[in-house]
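You will see chain A twice below: alongside chain B first, and alongside chain C after that.
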Partner chain A sequence: MRVFVSLRLVRRGGTVVLILEAVVLGILSGGVYALMASGLTLVFGVMEIINIAQGIFVIAGAYVSYALQQQFHLDLFVGLLITMPVMFLFGLGVEWLFIRRIKRDRVTLSILVTYAVALVIEGVLGYIFTTDLVQLHAWYVDASVQIGNFYLPYVYLFAFALSVVLLTGLYLLLYRTPFGRSLRASMQNRTAAALLGINVSRVQAITFGLGVALAAAGGMAYGATNTFNPSSSYDLISRLLVIIVLGGMGSFWGALIGSVLMLVIGDVTAVLWSPVWSSTAFFALLVVLLMFRPQGLLGWSEGRRQ
Partner chain B sequence: MRRVKIGGLLCLLAFAVIFPLVFSNSAITSIAVFTLLYAGAATGWNIFSGYTGYFSLGHAVFYGVGAYTLALLCRDWNVASGYTPFLLFPLSGLLAGLFAIPLGWIALRVRKHVFVVVTIALFFIMQLLAYNLHGITNGSAGIVLPFPGDWGDTFFNLPFYYVGLLLLLLALAVSWRIRHSKYGLGLLAIRDDEDRALGLGVKTGSFKLSAYVLSAVLVGMSGALYAYFVGEVYPQFVFDPVFDVTVVMIVLLGGFGTLSGPIIGAVLLVPLQQVITIEFGASSLDLIAYGALFLLILLFLPEGIVPSLQTIWISWKASRTKAVRANGAASQDHAVLAERREV
Partner chain C sequence: MKVSPKVSIFLSVILLMLLSACNNSSQPNTNSNGQQPIKFGVSLSLTGDSSADGQATKQGYEVWQDYVNSHGGLLGRQVQMDIIDDGTKTEQAHTNYEKLISIDHVNFVVGPFNDPFTVTGAEVAARHGYAFLEGIGTSPSTFKQGLKNLFAVSLSATAYLSSFDNFLLSQPAQIRPKTVAYVTSDDPFTQPQIDTAKAKLENGGIKTVFYKVFPAETTDYNPIAQQLIASNPDVVVIGSVGLSDSAPFLQYFKQQHFNPKLIIATAGPDQGQAFIKAMNGATDGLLVPNDGWFPSVKNYQNDAFIPAYLKKYGGAPGDIASDSVQSFSTGQVLAQAITQAKSLDNAAVMNVLRTGTFQSLQGPVKFAADGQNSIATPFLFQWQNVSQQQNGKTVTAQTLIPVYPPQQAQANVEYPKPKWS
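This part shows the complex of A and B:
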């Protein structure tokens, strides 16, 4: 069952104001989704695998933040300094144990392997934390800033700032460092990159770890703005997959645009129609887009050959 | 050789027919019904995905449409309990097939990688509709089907068992017929090299779409069987991502794109899955057990049982005749390819 969390906004004023609020909120939470989606799309671009476990990695990140807060009373954002490296290493482990073993039919088998990994993690999380819904708490989650007529919890602003910082960092890593050049080379042509002396399997492992670390950071922000339990991962992965299909699979900018579009359209639909239908308008947009542009907004035209 | 094969198959069929009479415990026959149901669905899925190489992870849509069609027909036409609902199964399959036309048309515009993700996305859209279209589906409250009848403890599962067996035989017959036709050859050509198949005159678009619709019909009828057997439909159980993955795992375990693979996979996997659910279903441990089971299959038997056994059998045969043939290696490869096409 999908869980729709109230926007926790005090609503006053006319429809226009409400729509404006929804747009602002959509952009802010879209930034958080961009964190999760950019990891997913990069992993697809570099490794030609579709990581169905991204949804549960997000939730795992949220639970690590939750545990750190409950056990050591660490601030959520400070806790990320532990969460992200831990999840990065965890990603390296998953890549080394399972993903690297897939030799043929990478795309298809990777979906199944990562789904199986997701099931195991979901089971473990459910076993440790039970399936009760929880939410992360901090002063900035409960306090709001007043903008005009509506109140916005600080955490939306902080989470957006976090996304901007991390995504800028990712951009610099991709486009301004030798590692980023290796990564983009591996994305364009794995064989040619290997021939040029790039250690492609190392690049792939690190990319996967980065994807998981970004998902974990997104998970902290998600956990502070929504209630969650282990099965929230299904809702997340369905949204993330749709986002990267819309943006064009493997495209970094496509993932950013797709995330913001999805959340803005969803929140506006929730205001104008009903929260129950918030994903529908976006899904409809996706179907229409796929009819005219099957490769997504910024995707490669013919899709690369296996 | 051929006579032995046919005799063996008849023996298997006879075994399947008398099985529930010998093991009449209702716990066992209920597992057997699920096994047949999944074997039929997996055979149907295999007709599209196994033969064309396009992995659909959205066939739960047709399972759900089939299940809901039966539930709604029973409710709106005031169908009495008993055997009548079984007669509505073809209608359920038909409606699932009708749904498959637009969905397939949209999804099949993209090539293999993206196709998988698009089917997942379409699946989630349909699941959302099943939750939200209260007027039709009654939302998450679900719909209750008529109780089959006062059939008694040991007899209760038998009608479902034999209908399941019939559905499986139907799916198998369709799958066999396609496999040994020019149409099936076209589908396999798409799997091997779509562009070349197109160049050689295979109408790839209509071939793919028709196979997609056909497999949806078969999966839809399995969904109807599920609905009547379980007696109620809920969005989360008939539009279930786990159904998709289970079907794929069954086919991968048995042998992708083979005739007998889906059945072998279902016979091995479904009882295990049912036992896991019964033993650990209350805690989250069943998810861990499923996941671990799937990982073991994927990492150690990605080829599937049937193709692996074939390779072993053929290389064993080849090693016996190697002394006679000079160019053993080359003809062995051809033999492998030729025999794989057969099974």
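This part shows the complex of A and C:
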């Protein structure tokens, strides 16, 4: 029996290694998606709006990184020191111009308004950069670190590290600062927060700006690991929405867990079974989960309590 | 400042209208002799997933329109392309072709990008008795629809990799590759190319060690690429629809220091400068099949097409996408048929198309009963370092050149391909 088991393990060795590699890549890629999804879920939690434009904000961030690299030869990560503040200000502008105006039926109207904003940004990006697919390049995009027979591209490690740093920063901002308290109070009850003297409009604007800045950072990481053009935003927003539904709308930790789960389940299914079933396996799990926990893994109430 | 939700929505609608205005590309033509221009309608994916290919297809049609109009027009009349965006949605393409025929009353309709859109457009055209000439829908499923009005000017998908297969099978036994790994999109244009090549190479004694189909909407290719690498093949065949799915595989192979003897991708490496940018210059030795056109080919009107294209869109001849060539070829063949028929009647033009032989940028064209071009010849192209004299200096640059069959080749196939630098 012992011999039989060990022979089986040897035979399956290749598959086990492939699964491990898929899990590692899934976790690292999941970190990048968490960065993009955290902004989306934060905006929903504070503002009760669904920001359909988050996908195009990611792509806009990738294009700003691309432009800085092409025009000024700035390293992608150094370029974030410009990209993130620029996109933060852009987010403030969009919030002031469009989002703040929505006073009733916020969820429904926000879908329409942010979709319109996304279409306009897509058109402008297409006009400036054309629809040619591009990818961000740097030495760490092509170079890899060897682990056994597997080469782990540096860009995945660096992008994951960026996600950890930014999400930790976001966590500290949310839980260790007066602004974070104001933000969480606004998430729990906007009216009560306003009665306590919190400038809810200001909190909302800054939150939206933060969401866009995080999306832009995620965009840099996305652009360094994928080819993209303005229409890449459609696939992104559908994935980001699924992540926050799985994790629980408005939940910061839910976005993290949802991102990693989506990527790992998809990658492992592709290895074990077939890429054709990657999405199916994930969505089947999502449906089952939502049957028992309609609010997602860390649902609305959980998100509000954070 | 307080603005009501209605105003907010109004602003959004205005922005949408501005966007539509940005995307609207129809350009009415003035007519030199007072007659109405001959209108050619087409639905193209100018936005959405296939927007890069849709835009390239549009360029080919627009260059053809300009070329014809600057050379006296067709039957003494100017021609005008009526182009509508379908947002990469087949149902929108259906609506667009209905509108073009029933409301805009275009004289002819021509083909969009991609097979499902081609079938949709051809079905609408068939209901109205219109011919449907096209250059991009060439998968077996397209020709199995029984559409008698369909005429594909380009090489059929199943024949795309035949030059590559012939090259591998022509190698002496001691250096001939023993194993091949295939990975392909489930796209109806792409998968038949791979399946046909796989069957042919297996019959020739080259073993398949990996075969996997991925959905066209896949975005994470790494686990598939990792499995492919683990199968350790001599040759890799990627059934890709463009840069979006070929570049991630190639990029991952490079990151993994994976160096098979040959790598071919069915689409993507043919996109000139865009491919070089996506691969950050690491293109040496990569192969791509070709449907019969390259910048220096001595085919019908190629000497006029390239300067006209470069004048309108800039760039270099090598940057011209195959979509543009295919749409220009469509215009060329339709123009010849109209000239021979001396009529704008679709039935008369279809009679000419069914019996005649035509010339195009991609070589000779003769239609089989199912609409396939029965006399098209494929080439095999490879990215190689080519030295050229420019202003008295020798400049070496990555260039996509024909390498097979030998009578069309500008160089030998680099076999095995150079390792990733």
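Here, the second predicted complex is superposed on the first by the 285 of 306 C-alpha atoms of A that agree within 3 Å, B and C clash if a C-alpha of one lies under 4 Å from a C-alpha of the other, contacts with A are read in each partner's own complex, and residues count from 1 in each chain.
Here, contacts are C-beta pairs under 8 Å (C-beta built on N, C-alpha and C of every residue); 3 or more make two chains touch, one makes a residue touch a chain.
None of these values were measured; they are calculated from a predicted model.
Taken together in the superposed arrangement on chain A, chain B and chain C clash. In the superposition on chain A, A:Phe98 makes contact with both chain B and chain C. With both structures placed on the common chain, the touch criterion links A:Leu263 to chain C but leaves chain B unconnected. Using the contact criterion defined above for the overlaid structures, shared-chain residue A:Val107 touches chain B, although it does not reach chain C.
In the superposition on chain A, no contact is made by A:Ala185 with either chain B or chain C. Touch criterion met: A:Ala118 reaches chain B, while chain C stays clear of it.
Applying the stated contact rule after C-alpha superposition, one finds that A:Leu214 touches neither chain B nor chain C. In the superposition on chain A, contact is made by A:Ala22 with chain C only, not with chain B.
When the shared chain is aligned, chain B comes close enough to touch A:Val245, but chain C does not. When the shared chain is aligned, chain B and chain C each come close enough to touch A:Ser279. One listed stretch of chain C collides with chain B once both complexes sit on chain A; from 21-29, 165-173 or 291-299, that stretch is 21-29.
Touching of chain A by both chain B and chain C, each in its own complex, is seen for residues 98, 101-102, 104-105, 109, 112-113, 116-117, 119-120, 122-123, 126-127, 131, 230, 234, 276, 279.
For chain C in complex with chain A, the touching residues are 3-5, 7-9, 11-13, 15-16, 18-19, 22-23, 47-49, 51-52, 54-55, 88, 186, 212-215, 217-220, 222-224, 226-227, 230, 242-244, 247-248, 251, 254-257, 271, 274, 277-278, 280, 282. Considering their complex, residues 55, 57, 106, 109-114, 116-118, 120-122, 124-125, 128-129, 131-132, 140, 236, 241, 245, 248-249, 252, 283-292, 294-295, 298-299, 302 of chain B touch chain A. On the side of chain A, the complex with chain C involves touching residues 14, 17-18, 21-22, 25, 29, 97-98, 101-105, 109, 112-113, 116-117, 119-120, 122-123, 126-127, 130-135, 137, 141-144, 150-151, 153, 226-227, 229-231, 234-235, 239, 263, 266-268, 270-271, 274-276, 278-279. If you check the complex, the residues on chain A that touch chain B are 1-2, 48, 50, 98, 101-102, 104-105, 107-109, 111-113, 115-127, 131, 230, 234, 238, 241-242, 244-245, 249, 276-277, 279-280, 283, 286-287, 290-291, 294-296, 299, 302-303, 306.
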